[in-house]
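Each structure below is given as structure tokens.
In what follows, chain A forms one complex with chain B and a second complex with chain C.
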Partner chain A sequence: MLLEEKYAVVSCIVIRLIVSLLFPSLQAQLDKSVELSTPMSSYRSLTEGIFLLRNGFPLYHGGVVHHPPLLVAFMSLFEPQCLVALLYALTDGLISYQLMCMARCFPGLEMPSWLPGALYALNPLALLSCVSQSSVIFANAFTSTAILCALKGNLLSFATALGIASYLSPYQSLLLIPSLYVLSRENNQRTKAALAVLSVFIVLLQLSSAVTGGSWEFLQATYWSQMNFEKLFPNLGLWWYFFIEMFDMFIPFFKAAFNLFVISFILPFSIRFQRQPFYALVLCIGWITLTKPYPTLGDAGFFFSFLPFFKPLFGYMRCPLLSVLLCIHAIILSPIFYHLWVDLGSGNSNFFYAISLVYALALGFVLIDLCWSMLRIEFDGGRPNYNLKFTPTNPKPFLGELVNKPIVVTLKFNKTQYKGNLISTDNYFNLQLSEAEEVVDGKNKGKVGDIFIRCNNVLWIGEDLSAKEQHQQKPTTSDDTPTTTD
Partner chain B sequence: MVRLIGIVGWIGLLNSVIGVVKADETSLKFQIDQDIDLQDDCNESLGNHEDSCNSGFLFNEDGSETEIEVTETIIEDAPRPTINLRDKEDDSIIVEDQIWYPYREHLTVKPLPKNYLLTSFDFNTESNEFIPGRPSTDFDDYSHYTVFPKAFKPILDQTSTRQLHLRFTRGFWDAESWGRLPYDGFKSGGSGVEIWAILEAASKDSAFSQWKTLVNSLSGLFCASMNFIDGAKTTFPVEAFHPMADSTLPLFDNSNKLYLIRAALANEPICTENLTPLVKLFPTKGKSGITTLLDGHKVFDSTWHSLSVDISTECYEQTDRCIHTLQALVDMVINVPKTLARNENPIPKPLPSDKLRCDLDKPYDAFHCFQLPYETEGSYGLSELFGKYIQGSSLMSEEPSQVCVEISDNWNSFIQVNGSLFATADDCFELKDFQQQDIYFESNNTNEVLDVEPVPVYVSRSLTGYGQDRGGLRTVFMNPQNEPVTLIYFETLPWFMRIYLSTMHLEKNAQSPVNISLDDILQSTYYMPAADRIRPTHLEYRITIPANTTLAVSYQFDKSLLQYAEYPPDANHGFEIESAVITVIDPTAYQLRTATLLLLLSTPDFSMPYNVIILTSTVMGLIFGTLFNLLVKKMLTVEEADKIQEGNSLQHKIQVVKGKIMTKSKFKYQEVKNDLKE
Partner chain C sequence: MALIEQLQRRVVEMGLVPKIIALLPLVSMMCAMISSLWLAILPIEGQFRRTYISENALMPSQAYSYFRETEWNILRGYRSQIEHFDTISNTERNKQMTEWLRDFGAKTAIYNDDEFGDSLYGILHAERGDGTEAILLAVPWHNAEGEFNVGGASLGISLSKFFSRWPVWSKNIIVVFSENPDVALRSWVQAYHTSLDLTGGSIEAAIVLDYPGSNDYFDHVEISYGGLNGELPNLDLVNIAVSITEHEGVQVSLHGIEPGFINDESYWSRLKILVRGIFNNAFAGLESLHGNEAFSGWRIQSVTLKAHGKEGGNNDITTFGRIPEAMFRSINNLLEKFHQSYFFYMLVAPRYFVSISSYLPATVVLSASFALASLNSLLNNQYNTLSFFSHYNLMAVLFWLISMLLSFIFSQLFLYVPSMSLLVIFILAMVMIPLAAGRLWTITEPLSYRLQMYAFFYMSLVITSLMMVNFALAFVIGILAFPMTVVGTQRNLTLKKCVLLVISNPLVSFFLIKPHPQLLQKLIFAWQQLGCWSWFVLCLGWLPSWILVALSACSGTQFHTVGTTKKEQ
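Right, the complex of A and B next:
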């Protein structure tokens, strides 16, 4: 462990502890903000669960506790508030440490391994989420453990960690698919790992049932109520306003549709990027954060902390500024608009709804940009070439620059090409070539001299790079050169 | 006249069957000088109209003057009255030997401090004896109704209800100046409608379905929204509301159990449409006796009013027969000066300057006047307060209607009959039949009234917090006495208030003992958390408030959003939270209720459903579509794409064919060109 890594972990823990202990009322305040806590993850609901457990009331009889029983039982072991704060800070420190371990698995990134950890320590979303003591942090910690174990190929710890993560937050179980690609290339190993995760999950369910006195009520309260979106509370997700405003008879249909939406891109990401399975996994985390019914900024903070791993792709991003600005816009304005709606009454619910849409767009843009960058680096064969422009060029200046230069003109039919010097062109892109050669199907048919090509016959025009004796074979042309095909 | 004989004879026959009539040796004569209706069809359907007609067998239709004489003859061994009718010059009906039914009515009037007046109407009746547990499908089953309202019995039988309690209450009871509630609070409800019943049922589920039937039937009977009572409003109280220990309820089938079920509709408007069905339950039906005073306009003008119906079942072990008893009460507190002023000026307007009573000790002129409080000298009659006179008494009761006045020494009360005033030693007046009567009060100092009985504890509850997404409930208990008070606190809260019981804590003020903690004073807690749309939060705890102490118990809750269609039309008005019920069990038995609360919930924009569906779907579609578009594609150069296309794709084959055709045409073109060249 490098000195910088130690600093990062310690600073991560110390910052969180100091904030928690210096501002003891901040926890309750943050726990009440809809951006950081949902009925499924809030600390006060966890406290209620602990209270009910200690006083012998059934945990899941009412509609307040949605935390899994083992978490409630575990948290009931920590009595004073400072101990709880320490637990949360340590958990966050663990995540930061594991991020650094992951960075060490990617030496090709040319990124100091302490960077992701340090960024996580300073990530305001992760910090606030930790201080609010939202239970998403535990799911996140086990998810990052699972990813690290998968990277290291440690099947047993991977299965345990992912089993616990899925137990804590049901939608994390979807990460099983991409993480199997990370874990191993062999189908045999993958099957084993999937079975191991399943068995860990089932053992945990059995244990939970034992803790709650043999009843399976907790399944309904913890998992089904999430998937069925039973608690109508505002959050930054796409679900809440949709299901408040939806007509009664369509609600079951759309609940199914939204759940399918969450699942929809897990398999495609995993398969499409199976050669970069770690990145597919991160994209899946982002997708779940965007589409799950009760997202928090803590989830988003966890997703963003993986972005340093995409360092080589940053140059490819088409709208990083837009995504960042949208994100900042949503995160800053959402508490204000919520306050206007709920406390002051000077705004209405649409204000907050609009912000949740902006937030979804921001996350969506980040995902789309990352996907694009992944495709782009795939095209570049893993060696970034940021100079290659894929954006359409403005044809008129492009042609103007080519005047008096050797060009290639490809016709629409007969695989015919003409190579020659561009003498002149007009507004219709009619072309006049001098010293033209005719090439049909790759065979030089000899010189044709001065020719005039009517614009409607032209498929594409490009600079004749072979004439400049360069080996770069990729022509940049005016229309649709980097074609994409199935 | 022949018809009349038939009716009264029928009633007499009934009496002989049920055997509740006590034959009195002395014949009584009654003068009728009021209008009593008798429907013409009474004799045509003698067998089944007894309950609609037996109360009104004294009548005067279309102004004709009739006199009825009832004399008693004996048939078999039961007394059977007969009636002789004869036309007379005067319009009096003489009823000899009254037929008596188990019906009693009573009015208590009690002046309260600050010119308020409490009037309590009390009506008692009981049903005929019946054999318990007999299915109503028995071929020889028949039901008799005399004065017990016919409307109730089938409902009670069908739902196996052993006890039924209905409360319609509205207004504010000022416990600090008026003292205890009438009947120690056990006969008044929280603001709105409250209903609880003890049902006999095989299981909790069947008890609940019987309960649904019961409230739906009563909803129609009393024109109240009780049909809206569903699982989300219903609780099964654990400690509160249980009948007193000395009364035991019969089980008709020993394999069944008794279930106590309760629900309340907070701030349900109470109005004439609830009072009219109540008055119609009594045999006098608002036509005679003290029910004549019950006019909706006046009752619901009062500061506080409460209507209650209590039905219970009693069984006699010796005979294995049971009866239902019914007690109905109408209590109200009238602000006397306000009501009298309204008689003068139905539309309130400012007093003219010469009628202003200014405090002469303070500066006053045409523009300044410090008003004196209401006059303390006063005299008024019930007719001024209720707008009506008492018309006669209740003719068929065992005892005549009675009006009692509870006043201190500086008050006088009289009964006014035929313009003359009479007083009695105990200030109780028996109403005379067929007379127009009025009760009249006067006092030189209306502020001096009988000492009010202090309440054992004051409880108030309020909402805390300011946002529409969460808040707190704070209940303040104040024990003014020198001994500790033990009480049961009962509270039900709607499911959209998500209670955090873990936040429950004790707030103390400077006077309360320092070392007291919630665990010390909380003796037992029953907590049934709410389930969304299924049941309310049900919280009951037994708490002891130390002597001369004020404590507050508070806890926090979150407010859930509702679905678009679940909000009422006036969603921004807020949601009524029913009052908490406090039952003091030690040192005295007393029941009180807190005020209802208005809970504001954050609301969505109700005009938005289509916009939201469209906007959310657009954002989802945009993200999904773009990602899908990217994922199904691979970046290639044109050459690579062409190579891939070559050979395998249908499109390419078509292009090849196309190319051939084009080549042919090109050859033609070249031929043409060559021709031209040539």
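Right, the complex of A and C next:
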């Protein structure tokens, strides 16, 4: 562990502890904000659960507690408030440490390994979420543990961590699919991992049932109420507004559709980016943050803390400024609009929903931009080439400009290219070349002199930049034109 | 999307991007100008709309008003007694009033407030309601100008007596006699929602009566509607106030502008009302309050009715009483809270208004102008290629955090020591910053650009976040702070830029707009007693940006060395 990494972890913990202890009333205030806490993750309902558990009341009868029973049992071990604050700060410190360990797994990034950890320590969303003591932090910590273990190939701890993460937050279980691609294929590792995650999850459920006195009620109160969106509370997500005014008979259909929406992009991301499985995982985390029923800013903060890993792609991003501005404005305006709606009564729910849509738009822009950049760098063969443009060109004026210039003509077959001066062309894009050379599969086959190429054989035409800059062999991709005429 | 991409490609092809970037300062200034012009356009015919009663249940002036000649005698009787109240103490006044209120069956209680004076209130329970909602009639003993509110108090008691005889009420009626229309009334409202024992349900609407003097006749009625922190009552309440007043044959004035001028229906009168409205709203809490402001923040729609013109008026005092009577009848009809009509509007005449969709672009454009200025500081110099993690950028963020912290300490300091002379010292010290720069310390050029980038971006964020909550304040602050963006960074500060910098200092410019020797005390007082956060908007929203701009206005002479080290890197 480098010195800077130690600094990052320590500062992460210290900042959170200081904020929690200096402003003791901040926790309750943040816990009341809809952006940072939902009925499923709020500390208020967690303390309610702890109280019920300690006094031997059934946990889930009141309909207030939606935290998994083992979490409630675990949290009931921590008595004074400062100890709880310490636990949350340490958990965040762990996430920051794990981010740095992940950075060390990617030496090719040319990024100091302490950077993601330090950014996480300073990430205001993660900080506020930690201070609000929302329980998403535990799911996040186990998710990051799972990712780290998957990267290191540590099967057993991966399965345990992901099993616990899915136990804490059901939508996290979707991350199993992309994370399987991180694991190697050898000796059925993937099958083993999937089975192990499943068995950890089942063991946890059994334990929970034992804790709550042998009943399975908790399944209904924790997972089903999340997937079924039973608590109609405003939040930053896309769901709540739809279900405010809807005919009863349509509600199950739309709830199913929304759930499918969450799941729908996980498999495509995982399959398309299976050669960059870590990035597929991050995209999936982002997608779940965007579409799950009870998202908080803590989830978004966790997702954003993976963005430094995309450093080589930043040059490809098409609207980073727009996404950043949208995000900042949405995060600042959402509490204001909520205040106008709920406290002052001069605004209404549309205000808040509008701003949560802006937030969704910002997240969407980030995801789209990341996908696009990953596809682009794949196209460029892993080496960034920011100057390459994909603007379509009109073929006729393009060819007109190339007359009397050295050009490259690539044929559709035999990997054959002809390089020579373009003498003339016609309306069918038949080509007449002088001083032509034949190149097959990159090997020069010698001069062929004046030739005439029939249009239908041509795959693409471009200016011969290698003839221009004799000393430097450059790819001629800058002006790919679809000038075939069939 | 395809269309946008096409457009973007065209823009790139035509090489417009570098041109636009080079023109950013101009574009930013254009935006600020458009923003002010936008408001000037609003009073033009066709830009505003005629008000209408949106909630059908209100039916203003549909029922006959009975507060007429028979009540006049009762009113005179009370008035002849109240005329002498001026000289007696608040306690004795309240005692006498309590007796009168109890005479006709009102429950009364006195809210003891040692700091601002006791308030007496009585509740008439609704015969037809469930007692969960109430309409409120407030009468401050002294009005905003400090005059003794004889007519208002007499109307308050005689109207209560009059209301008590009627079986039509579906909402409780609360009548409050407070010492003054601002702090005493506001602290009563606060107590009503927190600690008082005798309550009458949630207050749907409040009408404050202001009729100073014991004259029988008055000329016209001024309706005040602007609340604190940019809050406005529902437009429906203002509409019924205006329509009932005019129905009674009384002319309406707004923001202290004479009805004669308003009735011109000219562009200038509308512009004047609009501008006065913006200023009154932006500086609410700094002027003496009319009374309706006391209800801000509690979801109570409120207006103040003030009688003007002691001499030569031809409307008698019962006419003035019929206005709250008819308004009470209207509000009494409501089945729901006020929600139908606009909460975000600006009046350009008693019967004309501009809705939010028409006026909001003014601040949006203003915020955009700051954002563009920020972009200009980022792009329009040779340091635009510096990475986000460069030393300068991190330093700039650090500077911003420090200036936030300093501003916070500054704001807290004056809460405890509201001394004007200390403020003057601070202002002088702040004005010295740009002059001292270059002598005491030097800020390198790349850093100064970054500082300004963050300053303007923060300012833009502040305006954006304020514009829905308090449009007027956002707009005024944006316009007053705009000179900051043209200061720029240079090695030698010219006098002109120095002046621009000084007048864009939050406290200086506020003082220039509202020259008052007690301005600081008023700002602090507005925060502490009325909960009006203009002081914090100035200190935490505007001052940090100003400090950053002041620091960076005169960048160091290390320009060349920095340039070369950068190249070496």
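Everything below uses one rule, namely that the second predicted complex is superposed on the first by the 388 of 486 C-alpha atoms of A that agree within 3 Å, B and C clash if a C-alpha of one lies under 4 Å from a C-alpha of the other, contacts with A are read in each partner's own complex, and residues count from 1 in each chain.
Simple rule for what comes next: a residue touches a chain if its C-beta (ideal position, glycine included) is under 8 Å from a C-beta of that chain, and two chains touch if they have at least 3 such contacts.
Worth saying up front: this structure is predicted, and the values here are computed from it rather than measured.
Student: Answer with first, second, both or neither: which of chain B and chain C does A:Ile336 touch in the superposed model?
Tutor: Second partner only.
Student: Of the partners chain B and chain C, which touch A:Leu367 in the superposed model: first, second, both, neither?
Tutor: A:Leu367 contacts chain B only, not chain C.
Student: Identify the partner contact of A:Ile328: answer first if only chain B is touched, second if only chain C is, both if each is, neither if none is.
Tutor: The answer is second: A:Ile328 touches chain C but not chain B.
Student: Counting only touches as set out at the top, which of chain B and chain C does A:Phe261 meet: first, second, both, neither?
Tutor: first
Student: If you tally the residues of chain A touched by each partner, is the higher count for chain B or for chain C?
Tutor: B
Student: Should A:Glu230 be classified as contacting the first partner (chain B), the second (chain C), both, or neither?
Tutor: It touches chain B, and chain C stays clear.
Student: Is A:Leu87 in contact with chain B, with chain C, with both, or with neither (first, second, both, neither)?
Tutor: neither
Student: Please work out whether A:Gly345 is in contact with chain B alone, chain C alone, both, or neither, and reply first, second, both or neither.
Tutor: Touch partners of A:Gly345: chain B and chain C.
Student: Kindly classify A:Leu219 by the partners it touches after superposition: chain B alone (first), chain C alone (second), both, or neither?
Tutor: Neither partner.
Student: Of the two partner chains, chain B (first) and chain C (second), which one does A:Leu21 touch, if any: first, second, both, or neither?
Tutor: So A:Leu21 meets neither chain B nor chain C here.
Student: Under the contact definition given at the top, report the residues of chain A touching chain B in one complex and chain C in the other.
Tutor: In the superposed arrangement, which is not itself an observed complex, chain A uses residues 345 for both chain B and chain C.
Student: Contact residues on chain A for chain B in the complex?
Tutor: By the definition above, chain A touches chain B via 32, 34, 39, 44-45, 47-48, 50-52, 57, 61-64, 230-234, 238, 240-248, 251, 261, 264-265, 268-269, 272, 290, 341-343, 345, 348-350, 353, 357, 360-361, 364, 367-368, 371-372, 375-376, 378-379, 413-415, 460, 473-475, 481-486.
Student: Per the contact definition, I'd like the list of chain B residues that touch chain A in the complex.
Tutor: The touching residues are 466-470, 495, 498-503, 527-532, 537, 556, 558, 560-565, 602-605, 608-609, 612-613, 615-616, 619-620, 622-624, 626-628, 630-639, 641, 644-645, 659, 662-663, 666.
Student: What does chain A use to touch chain C in their complex?
Tutor: 115, 325, 328-329, 332-333, 336-337, 339-340, 344-347, 351, 391
Student: Hey, which residues of chain C end up touching chain A in the complex?
Tutor: Of all residues in chain C, those touching chain A are 9, 13, 231-232, 297, 299, 337, 339, 343-344, 371, 389, 461, 464-465, 468-469.
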